[in-house]
Each structure stands twice: as C-alpha cells, then as structure tokens.
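Take a look at the following structure, please.
Chain IDs A, B, C and D follow the sequence of writing; residue 1 opens each chain.
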Amino acid sequence: MTQAVRLETTTLPTVDAHIYPRGGLDILSREEVARLKDASAGGLHDLLRRCALAVLTSGSTNDDPRAAQEMYPDFDIQVLQQDRGLRIELRNAPGMAFVDGAIIRGVAELLFATVRDLAYMAIELGPERAADLESSAGITDAVFGLLRNARLLHPVEPNLAVCWGGHSISRVEYEYTKLVGYELGLRGLDICTGCGPGAMKGPMKGANIAHAKQRQRRPRYIGITEPGIIAAESPNPIVNQLVIMPDIEKRLEAFVRIGHGIIVFPGGVGTAEEILYLLGLLLRDENAELPFPLILTGPVASAPYFEQIDRFIRLTLGDAAASRYEIIVGDPQAVARRMAAGIKRVREARIQNKDSFYFNWGLDIPLEFQQPFVPTHEAMAGLDLHHGRRPHELAADLRRAFSGIVAGNVKEEGMRRIEAFGPFQIRGDKDMMESLDALLRAFVEQRRMKIAGDYRPCYEVVT
Amino acid sequence: MTQAVRLETTTLPTVDAHIYPRGGLDILSREEVARLKDASAGGLHDLLRRCALAVLTSGSTNDDPRAAQEMYPDFDIQVLQQDRGLRIELRNAPGMAFVDGAIIRGVAELLFATVRDLAYMAIELGPERAADLESSAGITDAVFGLLRNARLLHPVEPNLAVCWGGHSISRVEYEYTKLVGYELGLRGLDICTGCGPGAMKGPMKGANIAHAKQRQRRPRYIGITEPGIIAAESPNPIVNQLVIMPDIEKRLEAFVRIGHGIIVFPGGVGTAEEILYLLGLLLRDENAELPFPLILTGPVASAPYFEQIDRFIRLTLGDAAASRYEIIVGDPQAVARRMAAGIKRVREARIQNKDSFYFNWGLDIPLEFQQPFVPTHEAMAGLDLHHGRRPHELAADLRRAFSGIVAGNVKEEGMRRIEAFGPFQIRGDKDMMESLDALLRAFVEQRRMKIAGDYRPCYEVVT
Amino acid sequence: MTQAVRLETTTLPTVDAHIYPRGGLDILSREEVARLKDASAGGLHDLLRRCALAVLTSGSTNDDPRAAQEMYPDFDIQVLQQDRGLRIELRNAPGMAFVDGAIIRGVAELLFATVRDLAYMAIELGPERAADLESSAGITDAVFGLLRNARLLHPVEPNLAVCWGGHSISRVEYEYTKLVGYELGLRGLDICTGCGPGAMKGPMKGANIAHAKQRQRRPRYIGITEPGIIAAESPNPIVNQLVIMPDIEKRLEAFVRIGHGIIVFPGGVGTAEEILYLLGLLLRDENAELPFPLILTGPVASAPYFEQIDRFIRLTLGDAAASRYEIIVGDPQAVARRMAAGIKRVREARIQNKDSFYFNWGLDIPLEFQQPFVPTHEAMAGLDLHHGRRPHELAADLRRAFSGIVAGNVKEEGMRRIEAFGPFQIRGDKDMMESLDALLRAFVEQRRMKIAGDYRPCYEVVT
Amino acid sequence: MTQAVRLETTTLPTVDAHIYPRGGLDILSREEVARLKDASAGGLHDLLRRCALAVLTSGSTNDDPRAAQEMYPDFDIQVLQQDRGLRIELRNAPGMAFVDGAIIRGVAELLFATVRDLAYMAIELGPERAADLESSAGITDAVFGLLRNARLLHPVEPNLAVCWGGHSISRVEYEYTKLVGYELGLRGLDICTGCGPGAMKGPMKGANIAHAKQRQRRPRYIGITEPGIIAAESPNPIVNQLVIMPDIEKRLEAFVRIGHGIIVFPGGVGTAEEILYLLGLLLRDENAELPFPLILTGPVASAPYFEQIDRFIRLTLGDAAASRYEIIVGDPQAVARRMAAGIKRVREARIQNKDSFYFNWGLDIPLEFQQPFVPTHEAMAGLDLHHGRRPHELAADLRRAFSGIVAGNVKEEGMRRIEAFGPFQIRGDKDMMESLDALLRAFVEQRRMKIAGDYRPCYEVVT
C-alpha cells in the first residue's frame, strides 16, 4: 500500500492550515505555549519545527534525515491556546499530510503528541529542574513522568511486545516482520517500536490486520523516538501513540520499562548495541530473577545473522548469557506463542512482586546505563574487555566499544577524532576483539552497516 | 499479508468449540432457534451448516464452492439460546478460523450474523408470510426488514460506496482496487461489496489502511451475499458487517437501496449483468431525476474492457444511456473525488425529496426486476432485442439475454437445456446480437469467462 | 423535587415542534409510517395521539385520565421518515414538556418509544397476523417480539426488580418506596414498574440517587404500560425505557417474563389482583421448582394491609401458598438484601435450566392467564370458589371474582350490568366469600378503593 | 432522600477494605507513593488520613469538623502502587461508606481524587518548588497545573455555573437552591460548588434530576475544597469531581478561573467575603471589559438579606459596583435563563479574546488576592476604608476588614488577639463602618453567624 501514501510530485505542493485536536485532550498552560514559541537559543521553536516536519512527512519513502528540511525550507509551525484548546498553525506544510486540503487525522494526532512532549520537556525537564536528573531514581522518575503525561501508562493486562530491528532490511526480512506482527496481533498483543520504517513498521502492519480480524477496538501501535532520530526515522503511518523522549538513553529506558517482552529482528550495528544494552541489564544480579522474554528472530535466510550474534555473545559473555534469549528462525507462530507465554510469566511475577503492570519498576538500571557514552580516545582507552569480568559489566563495556567503533567508522564526529588522534587503543583479550571485528565485517558484507570504501578497523588492541 | 491468513495444512485440523456473541446483541426466540435446528426438508439446518462453513473458511484461497463441504464433511453447527444469550456449538470446524484454540473474533461475528439472518428469513420471510412477497412494495419491505434487522440501516451521513467487479481478476487490477479503496477511505467513505475475494476484497483492504490513518473508529466493510453465492465467494476477512439476502434479486436490490454510489471494476459476465440491471433501473423515467453516481474504472491496462462495454451500451441503449455513468482509467484519486462529489449530490437530493439517507426508497424498482429470470427456451424466445424499444425495457431484456447465454455456455442446467432442445432462438436486430457476441468473445479471450474448449454461441438470431 | 416538574399555568401554553431522535436508532419502513398516519377506523393515529399526549404530560400531578385530552384538544402528532431517520411533528403540544422551546430529551425518548411500539403492533401484531396470537406459545412469542424490538432484552446479569403497588398511596408509604428503591439501587439492581406515580415512581427516584452514587452509567428504569392505562398513569419522568404492550394480560406477562423478582408495595384492588395473578402462576406444578422472589413490603404503619392480604391468601389458598412470598415490614435494607439474594438464586436456576437471563421462558403461563376475563353474569356464575380445589386454579378464579366485584362496584360497564341484572351469583364456600368481602371493605376504609357512597356488595353467595 | 444515606448506629461499624480505581486512570510514581506514606513532620500521611476520613463520611449529617476524627480514631489509610495500578488499603473505615461490605463507587472515586491531589501537591507544589509560587503568574500556573492534573480542564462548551452560599441555611432556602439547580440542569449547565451541604448540595441535587431527564450522560458536579475546609464541609454525595486545592486563596482562584458565571445564594460571613473578593476583581480596570455573570438570588423570604448586601455595596463601593451583579428574588427560571444568557456572552468574549473556554486566563488577579491575609492588629490598622479610594482597592480592604472582624468574633486565634491587645483600630469613614456593623448584626440576628452570647464589636473606628 505504500505507493498510495506517496504524493511525489515535482512541484512539492504545500499547504497552510489550522489544526485542532479532535478529542480536545491536550491542554497547555500559557507558560508552556510561550516556551514552544520561543525561537531563542534556549527556546524550543526550532526543535518543534524539525520534529513536526518529520511527523508531517510520515510514511515518506525518503530515508534521508535532512531531506525533509531541505525540501520544505519555508515550513513553519505555531502553537496557540484558545477557546476549545490547543490550535496549531502550519505554513507551507508538506502536501502529503493532507487529503483534499484536510490533514490526515492520524498525522494530526502525532503532531499534537509532538507538541505535548516538547512542552513537557520544556517545563518539567527544563533547566530549572536539572538537579532532579542527577540520580538514577531521578532519571527513572523523569522517564515515568514523560510516559505518564503521554498517556502511555494504563493499568491494562500486560500485552506489549517491543520490536527492535533495522530500518533498512531486505524484502524477505520485512515480510517476515509483518508475519510475526500478524501472529502477535492475533494473540492480542500490542506493538511498540522505534517508530520508523523497516522492522519498526512491518510488525505494526501485520498486527493491524490481525487486530481488525480480532475486532480489537483500541489497539496500540506505540512509537518511541527522540529528537535526534525522529528526522531520520520519521514515524510510520500506523503509529497511533507517539512519544518523544529527550535522548537515546531515556528512549532505551522507556522501551524496557513499558515493554513486557522484546523481539529482535535483523538489524545493523544499532540493533547489536541494543542487544548488548539489554543483556547488560538482564545479567545483573539485581535482575536475575526478573522474567523478561527476549526473542531473536528472522526468516530462514537470515539465520547466519543470529548465529554470528549468538557466537559473539557466548564467546564474550559466556554460555550462561545465552540463556537470557531464545533464537527462533522462520517460524512466526512459534515466536508469537513463546512471546505470549513469556508475557504471562511477566504478569505473574509483577503480581508476586507487587509491581505495576505498566511500568517495570523492578528492573534495576544503574546510572551508567542512563548516561550517554561519548567515545573519546580516553573513554575508549578506559574500556576493559577481558575474560573473567562480571558478564553485565563486560556487556556494558562491549556496548561502549561497539558504539565507539561504529562512531569511528561512520559518524562524522568519530571519524574526525580517528583522523586527528589515530586509532582507538582498546585493552582487551585478543579472541574477544577478533570476534567483535568479525561481527562488524559481517555487517558490512551483509550491507547492514554502510561504509564508504573498504572496511578498515579504527582501533588497535592493546594487550 | 494474504499468506498469513492461510493455514493450509495437509492434515486439515478441526476444532470443537462453544461460541458466545461478544456484545451479546443477538437474541432469538424459542421458535427461531427451533427452526434453525430443524433438519427436515423445510428446515434450515442444512442451509445454516453450509453458510457457516463458508464463513469459517473465510479468507481461504480456495476458489471452489464445493471444496469446503468436501474438506470438512463432519462439520456441524448447533444454535442454543441460554443464560447470556445465543450460544453456538461447533463440531469439527475448520482450524483456520481459530488461533490457539480460540475463534477469531471477526469470524465469530460473521457466524452470528449468519444465524441472525437465517432465523429472520425462517420466521419473517417464511412460508407463512409468502403473500407479503407478491407485490413490488412487499418485496421492498422484506429487503428493508432484513437489512434493518441486520442493523445496517443507520441514519448516518451518506458515505457508502458499493464496489462491484470480478472475484478473479489480474494482479494489476487487484492492486488498483486497493488503491481506489485507499483513496475512498481517506475521504471518509465506507465500502460495500459482494464480500468475496478479488474486486470485492481489494477496496476493503485499501480502505482499511486509510481508515486507520484517519482514525476512523467504526468503519463499515459491508458484505452482501446470498445462500447460493456465499459458499463460492466466502466472505473476505475484512468484512465486519455481513448480511445474507434470500436470493440474487434481493441482494441486487439491497446494493442499490443502501449504496450511495457504485464503482464497477473489471469483472466477468456477472459484472456485465449487474451493469445492465442498474442501467435498466436508471434509464426508467421514474428514476430520471435521481442522482446515482456510477463510475466504471480500472488500471490503464484494463481500458479496453471498459471501451467494449461502453461501445456495447451505446450501440444497444443509445448514447444517452452513457450519460448515466462515467469511465475513469488509471486514476484512483479522481475516482474517489468524483464519488465523494456524487454522494454529496445524493445527499442533497435525499433532503430535497424527504427521503431517508440509509435506504433509497425513491428508486423505482418494478416487480420484473425483483423476480428471478429462468432462462428457458420459451423465456429466451420471448425476448425482444430490437432498436426502437424504450432503453430501460431493452436493458432489462439484454440483461436476460446475457443471463441466458451465459447459462447456456457455462451453467450445468443451461448447458443441459441447449443439449436437449438446441440453441436458443432469440429475436433481435442483427447488429445488436453481433455486438453482444463480440462482447462475450472478448470476455473469453481475456479469460474473464471460463469455458471448456472453444467458445460456440448457444443461440441463433431470428430476425 | 416534584414541584420543579410542575408548570401549572392558567394559560396552558402549547408548543409546535419538530423532533428527531438523538441516537437515531429508530427506523421505520414506509408501510409502518403509513399505518401511524392512518386516522381511519382500523388506523392507529388516534391511539398514537392519546399515548403521545400522556407522554408529553409526564410528571404532571393531575391524576385524571381524561384531563390531558380535554386540556389539549388541538394537540396533534405526525410521524415522518426522512434524511437522518424518524421525525415527529407536534402541534399544540403541552408546554410542560419543553424548556425554553426545546423538548426535554427524556420526554422525546419516550415519544419515540411510543411510536416504535405502536408501529410494531400495527405490523407485527396487526390483523394479518391474528392467527399467530391464538395459541399460548404464539402470545408468548408476541410478547417476546415486542420486548425485543423495544431493546429491553439484553443478556446482562439478572438484576431487574419489578415493583408493584398503588399509584395513589400515602406520603409515608411513598417515602418508604423511595427508601426501598435507594437500597435496591445501592446493590446494583435496576427497577421496572407500571410507570405511573406513587409506588411506580418512588422506587425509581430512590434508585436514581443510589445509582448516581454508585456511578452506574446506564441504569434502567423500565416502565411497562398499555394503551388503556397510559393516559391515566402517565409515565413518570424517571422512566428511561418505556414499552407499550397491547393489553393488560400481555403487560402482566411482560412483568413476570423480564423481572427477576417482584416487590409489592401497598396498593388497591389492582395490586391485589396482581398478587393473585402471580400466585395463580407460581402455585402451578409446572412452576413449583422455579425460584421467583416475591416480597410484600411497606412501612410499619402499613403492616395491617399485608396482614389482611396474608390472612386472605392462607384461608383461601392454604398456608402452603404463603411460602411463595415473604412479608417484610419497615426494613428497606432487609428488602433489598433479600431481593438481591433471591435474584442470585434465579441466576443459578437459569444457568442450570439453560434458560436465558433476560426472558423467563421457563415460567409456564397457560392460555387462560393470557386471555382477558370479561365479568358478565354468566362468567361470574361459572366461578368455583370452594375449598378443596387445586390452589392455582382457585387463585385464578379468585382473581376473576375480584376483578368482577371491583367492576361491579366501580367500573361503568360493571355497574350498569349490576343495575340491569341484579347482583352476581357466585358459587363459593361461605368463609371464603366473607373473607373476600372483609378485604374489600378494608380497602374502602383505607381509601385504597374509591367508592361513591357506602360500600354495598354487588354479589350474592350461592352455596 | 438524606435519611437513606444516614447509617447512624451507636456501635459505629467500621470496615477494612482494599480498593482499586475502577477506570484505572490514576497512576502514581514510586516517589509520589512514598510521600503519601511518610508520616514525618513534612510528610503527608496525616493530611491524607484526615481528608480521606472526610470523604468516607460524605453525606453524614453531622456538621462538626472534628467529629469524624473522634468517632473513628483507629481509622488508617495506606496507598500502594501495584499490578493494575493504585491500591488503597483502609483500616477501621466508617461503615457508612460501604454497602454490604463493598465501598460505594462514588466514595471510592472521591478517595482516589484525594490521593491524586495530595500526591500532586507533594511533588509539584512541594518545598523544592517553592520559588515557583512567589509570583502571581507562578501561582496561577500552579492552580492551572493542579486543575489540569485533576482532569477538570476540558475544552467543552462553556457551561459551568458556580454556586456559592451557606452550608447551614433554612429549609426554604435549601429547597430554593434545588429549584435553581433543576432549572440550570434543564438548560444543560453543570454545577460547581464548595462541595459541602446546604447551598453547596442543593443545586447539585436539583441539577441531577434535570440532567437525568435531559439524558445528560456525563454531567459534572464539581466540588472544590481545601484541606482546612474538607473536614468541616465533607463532600456531599452528588459531587463526582472533587479537587483539593492547597489553600483558601487558590480555592477561590480555582472557582473564578473555571466557572463561567457565579450564583450566590444566602450565606453567612464567608459568603459575604466571597462576594467582596469577586467584586474586588471585577471592579479592576483590567477586568472592566470581561463579561462575568454574577447573580445574587434566594427565595422571597430571603429578600432582606440581599437588600442589605446591596445597600452595603452601594454605600461603600458606589452604585457603579452594583452594575456588576443582578439580584433576582424567588424566580428560579429567571435565574437559569439569565445565567445561560450570560454564559453565552462569556463564550463570545473568550473567542474574541482568543482565550480558552476552560480556564479564564484573561481575568486579572493581582498577587495580593492570591496571598493569605492574616488579621493582626498591625494589618487591621493598615486598612484604609475611606470614600474616594478606587473601588477595587476599597473592596479588597473591606474584604480584609470583614475577615478580621469575623476572626475577632468567632475564630479562636482572632479572639485571643482581641483579648490580648484590645479591639482592632480601623481607620475608616464613619458611615462605612456603621454600615458594616449593621450588616454583621443582621447576620447574627438571622443566625447566619454563630456567636456565643451577645454581639460586641471587636473594633474601634479611628477617624
């Protein structure tokens, strides 16, 4: 159906419009409106403009983050608060969000969600409240507050399957994510993803058909994003609940706090990092007793991908680490059945632990997982990748190593550092480093990591 | 997504189950339940069994009407009425209607609709009430009563687009019907079809995505069928309101009474008959002032199909007849915009004529259109296919000629008659008959009419 | 609050208005509309006019049936069917049904219920269908059909307490009915009455406050009436579901088929007849095992009333008959607790007997209870009031004797007969007849039966 | 119906219970739950306990604030957060809040509202945020935040009539408030009061009947209270939306920000203060153009009360001040019609001023109206009650004078001050002071101000 969504024209039609929320749920204070209008340095207006544009080009096939900004240079958005509530004024907005001059309802809803979240960040997580965000509990409270304000926390039965995976995957992998989503939907599970295309869209599409067949009136297709990602991975048009978290770490925390289980489809380096983040948490003693269904799955053709991941994890974190996940190849029904069964165990544990269904308070996330890792040469030199370390600590450092190496290969900032200071010096056991290297080479070969020219390691192992 | 629906296994798993309606809306009297149980000659039980099986194999890819009956010989259904209301007991029911042992909700709903309609027919249109069905007004009242009982008549704004077309069409034609449905859905239109696959499913699939984007909470995907058709064209899984009419003529009347406009996609001889039925009505003086949007459309590749139809109509019924429809090729947006505009005119006319939005009382349908045509040699000899007749009368006879010729070529009963008594003797102008012949040959060539061996006319023209 | 409802003015303001149903649920066919318009002998228009006027004066304090007709001689009503559905046109309608020119929503709903029921009677129970009403099963089916069409049959948990009692009771009795209604409402029970004032209004008022406190969103206040009663006992303004049954016997059947238990407050002869009707049913062998909570209750001051009734029943039908009811004096909480417990047993029995929750199919009602009794001298002479008869047969004849004696004393037709032919000759045991006489005298003394002049028996006992 | 609510027993039955919110809407963070549990000095537990007890004795006829505390000394409440959400544990709770062991739903809802508001105060208005409350805009934002969190701000059409008046008024006055509420309800207006008995309950009771007649599905009966008042004026059982504001000034601001018009019934000195507070705002130049319907009304017997008030206002603030209100005596329909018309003008002004329907941002409230006035001798001596001052400033000082004199007469703290330091020295024009004195004496005579012994002025006029 994607072709239907496209409105690719050479003239790039734009529309001016006033938009009111339908249910009229969202109400802002004068102060919140003022912050959204403020175009000054500390102001939010530019951020709002960028996020809104991503939402308005939702479903666009163009993968390039900056494209929308360049294609609609005169786009602007203003937020007003009057009579029946919030009112959004758009100027030179992408015509693709409109049908015969009227905005598509779903797009309008996502737009109001964007305004709501940015307003919340401005006031509740603004500079006046910086002190609240210095402790682990404070950050968790901030994540909770933002999700509650977005009305994502409902005391319904546990049924939320988070799906991770690449945004540009092969056709056969994409079709497989739809089949898995379909089987999840038939079993009454709702879907939460990073809200972009590929593995973030397929499960929602499949579930959508299944939910219609099961006459599920209010299925949830939750998209969790953050300002740096939303432009590149504009919400797919199935998403009906969007939340914008302040940064990548809070986004990851949101996934693991509200999801009742996680399915990982094939993806690139980002997906690998997410797996290491999650294992870093699940291997902690504090979380040892916590049921947390984690299934790695893909079509038969993608079996080698998961074999490599599995091999790497076993070598680095030990076979015990592998007991925290299950790999299922080419069997969507089995994936859905296992996930449903796993979530049933989560439900029982929550009742037993007197924990809530809608927010995984019981999961221990230490401060270091909540704070960003900046891959400087110093930071990279501080990593400690040796056998014998406690698995969850090693997982955390592996994730950082991974993150740094990726940055050194493909991110502007990282590549500049390598150019300036030479390869990172990483302290680690040789077999571990070789395994990591093999994994990265495989990603490049499978075109899951895009690299200009040949792959050349940006690091040296110091033993 | 269709592959996901399939559950083709070699073992043909079956399920025994008790089913209760979810909303508990449907309530039967003891007498109605008794009739549904009655397996005697006049009883309904066998009819119920056949229709239920069609619904339970909904979404099956098998096109053969008798297949389901043969594949599930031990299937049985019983209807009970107790505590919270209706209860259906299934034995050896097709496993494909179930997920992990629980029936798919949408399938259950269609099953209850089937029970509801057959119970209504048994009592309200049963032999005791035969006299009510002898007049044109009486038949219209019966159609009204059945649709009202099925809760299809709501005083909502006119927005129902009926889609006609073949159940086995080409891939490109099918994709086109989805695109048209998507554009209709974006504009808030609901879809009504004959409820099978092909052109009856595509528009619903497309509209389903669009309705999700427009956050339409209660979209209607109405399927209108009748006992002779439902087995061959089992309801597609998007249908959320199913009604079983007693016979083909009442089904056609249901389409034109509740639809606010009709879109005709490419199809076979059945579709051609439907066009002639509708023109036969619209060309009557009594209906001359009645707005009734009628759009013939298909992808660019199907243009020749509509050119032939158009040529045939102009030659037989005159150019004026062509003013009652519009042909649009390869432009889903234009189709949806024209239909939306046409329905707006229907709305205005209903208000002006003090007619209801939900039932087209104003459309004059004479008794001869409400009664079945049985193509005997006598009946065929009585047709009068000459230029100079009033167009609507000629349209009615053309439809009958068409129906008879099709029967003579492909239907068992008709072929036997031809074998026994020789070709039909049809009185008609030569050019008209040649044009009809050309049309049929084209259908055969385009594989829209399936024939064993070469096409051989089953009639002779008597001038 | 009753004063607030009154709009007593000397000028009797009237209003002309068009009314549309709010939810747009009710849809009529052309034929049904035509019957409602037909003012000829067999037509319904006059009946519709009278019932509509009763509804429009709902809440009026005037007790006189004919008053409304005389006060609004120019009132007229027309029913149309157009665009969004039913439309009612009122001319010279009582101003008390309107607020600043707009009709009170609740009144409009009752008006649409009236139209719906009369239309149903006209078509489904009209002269063409007379044969259907000749058997006991046929009459029960008609009652079922009318209640189903009125959307009174929902497969919800059993919770419907029917309240019977007088329409003109003392202030302390009225306050007591409110307290009982309040306690019923607190326990989640809905209320069904004959829909007039007094004991038919009090329980609804009490329950309304309790339902508000319990945040019951859709409480049911069902009023069951019939054309001969509605004018005299115009629906009280709390009633939110009104159904008009064709005659008194079908109204009684409706009460005992949809109610899950019955509470009898003090009342006049009508109430006594109702008790005998119900005992006549419950004492049948066929109904012996059927739980049917029946509670006679009133304030302490009304204790003598129930003592007399109890004495009369024990003397005539035997002590065993008294086991079918319970008398509770001056304890609203106990009444509500007993009724709730009794309904729980009804629920269990329905499940065990595979009977529906919403219609008491299991209760045996013989044809003689479904047909009207006309108290001619012949019919009265045919009664057989002797000890030794089977209790349920005796109860039936007692009810008839009662009915005839009341007619002979207070009804125009009955009084004329007595004048013409002398007192009824009733065959019966002396003590039984004396007891009956004592009961009637007590009613007169307690002003529960209104008589001009002294009470003089209109019958003679033949032994 | 009030007697039904009473469960006055000598044994004072209590109940232990677990309560879950029905809709499951309210969700707290771990931090919020912790604060509610904290029984230390700064902790909220004692406050929660007191407010909860007031809610659990809702509808009690006992007027004494401390009574409930003394009658249920062992009552305790704990708040937990688990599985489906909030869970409240009650120990030794008043039996009157329960029916057969199950809590009355409405009471449970008010209990959850209490928890919600105290949790909000603890975190969002807690000591960490004290700086936010130092400016006028900051306080208004806090009021907005609390009301938004209580879900009282909906962008619906303006329809909220605030009713002020005494909690212990005469029977005829109480009946009159019911009639006014009934007429307001018939016209679709919702009711907001201080949530206690008397003039705070009557309008809600009347509106409740009218809303039922008008089939208003979700009428709002908003009660606004604060911790110091809730114990003395426990929410009446009609209230379905309760909000607890932090103090009296924020409560007053809540009334005038969310109400679209105000009706003042007879009351005591508190009511007079409220009138002066409102006039002090409405007479400001900043608010001169703002429509704000203000109606003083009571039964005919209460006419003298409003004449005195009117005379006092005209004398002190000038005749112009009287143009801001309207006095209607003994005509509930006229009150409702005028209020409905006034709210229509409010609606138009909000649209014109681009202000929201649900929060009166446009009303200017200076900081001095938002901060408490403590009537010390110094503060009283600082008042300036002379003719010639600007009316709104004079109104503010009059309100303070009033407040101080009342304190000196009836409040413990105030009486102690007078005893210690002698009468207040108030600077003011003689006629103004005499008029104030006359008003107070009249209140005492009409038993609207309760005083032990004779009334003796607690102030001296310094000219």
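What we mean here is this: a contact is a pair of C-beta atoms (placed from the backbone, for glycine too) under 8 Å apart; a residue touches a chain by one contact, two chains touch by 3 or more.
Chain-to-protein mapping (UniProt): A, B, C, D = AMP nucleosidase.
Note that the coordinates shown come from a computational prediction; the quantities given were computed from them, not determined experimentally.
Looking at the partners of chain A and chain D together, they share no chain. With centres defined as mean CA coordinates, chain D is found 46 Å away from chain C. If you average the Cα atoms of chain B and of chain D, the two centres end up 64 Å apart. Centre-to-centre, using mean CA coordinates, chain B is 47 Å away from chain C.
Multi-chain contact residues of chain C (touching two or more other chains): none found.
Applying the touch criterion to all chain pairs gives A-B, A-D, B-C, C-D. Those residues of chain A whose C-beta lies close enough to touch chain B in the complex are 1, 3-4, 22, 99-100, 104-107, 109, 178-179, 182-183, 186-187, 205-206, 208-210, 212-217, 237-238, 240, 332, 337.
Chain contact summary for the complex, chain A toward chain D: residues 24, 27, 29-31, 80-85, 137, 141, 144-145, 148, 153-156, 350-351, 354-358, 361.
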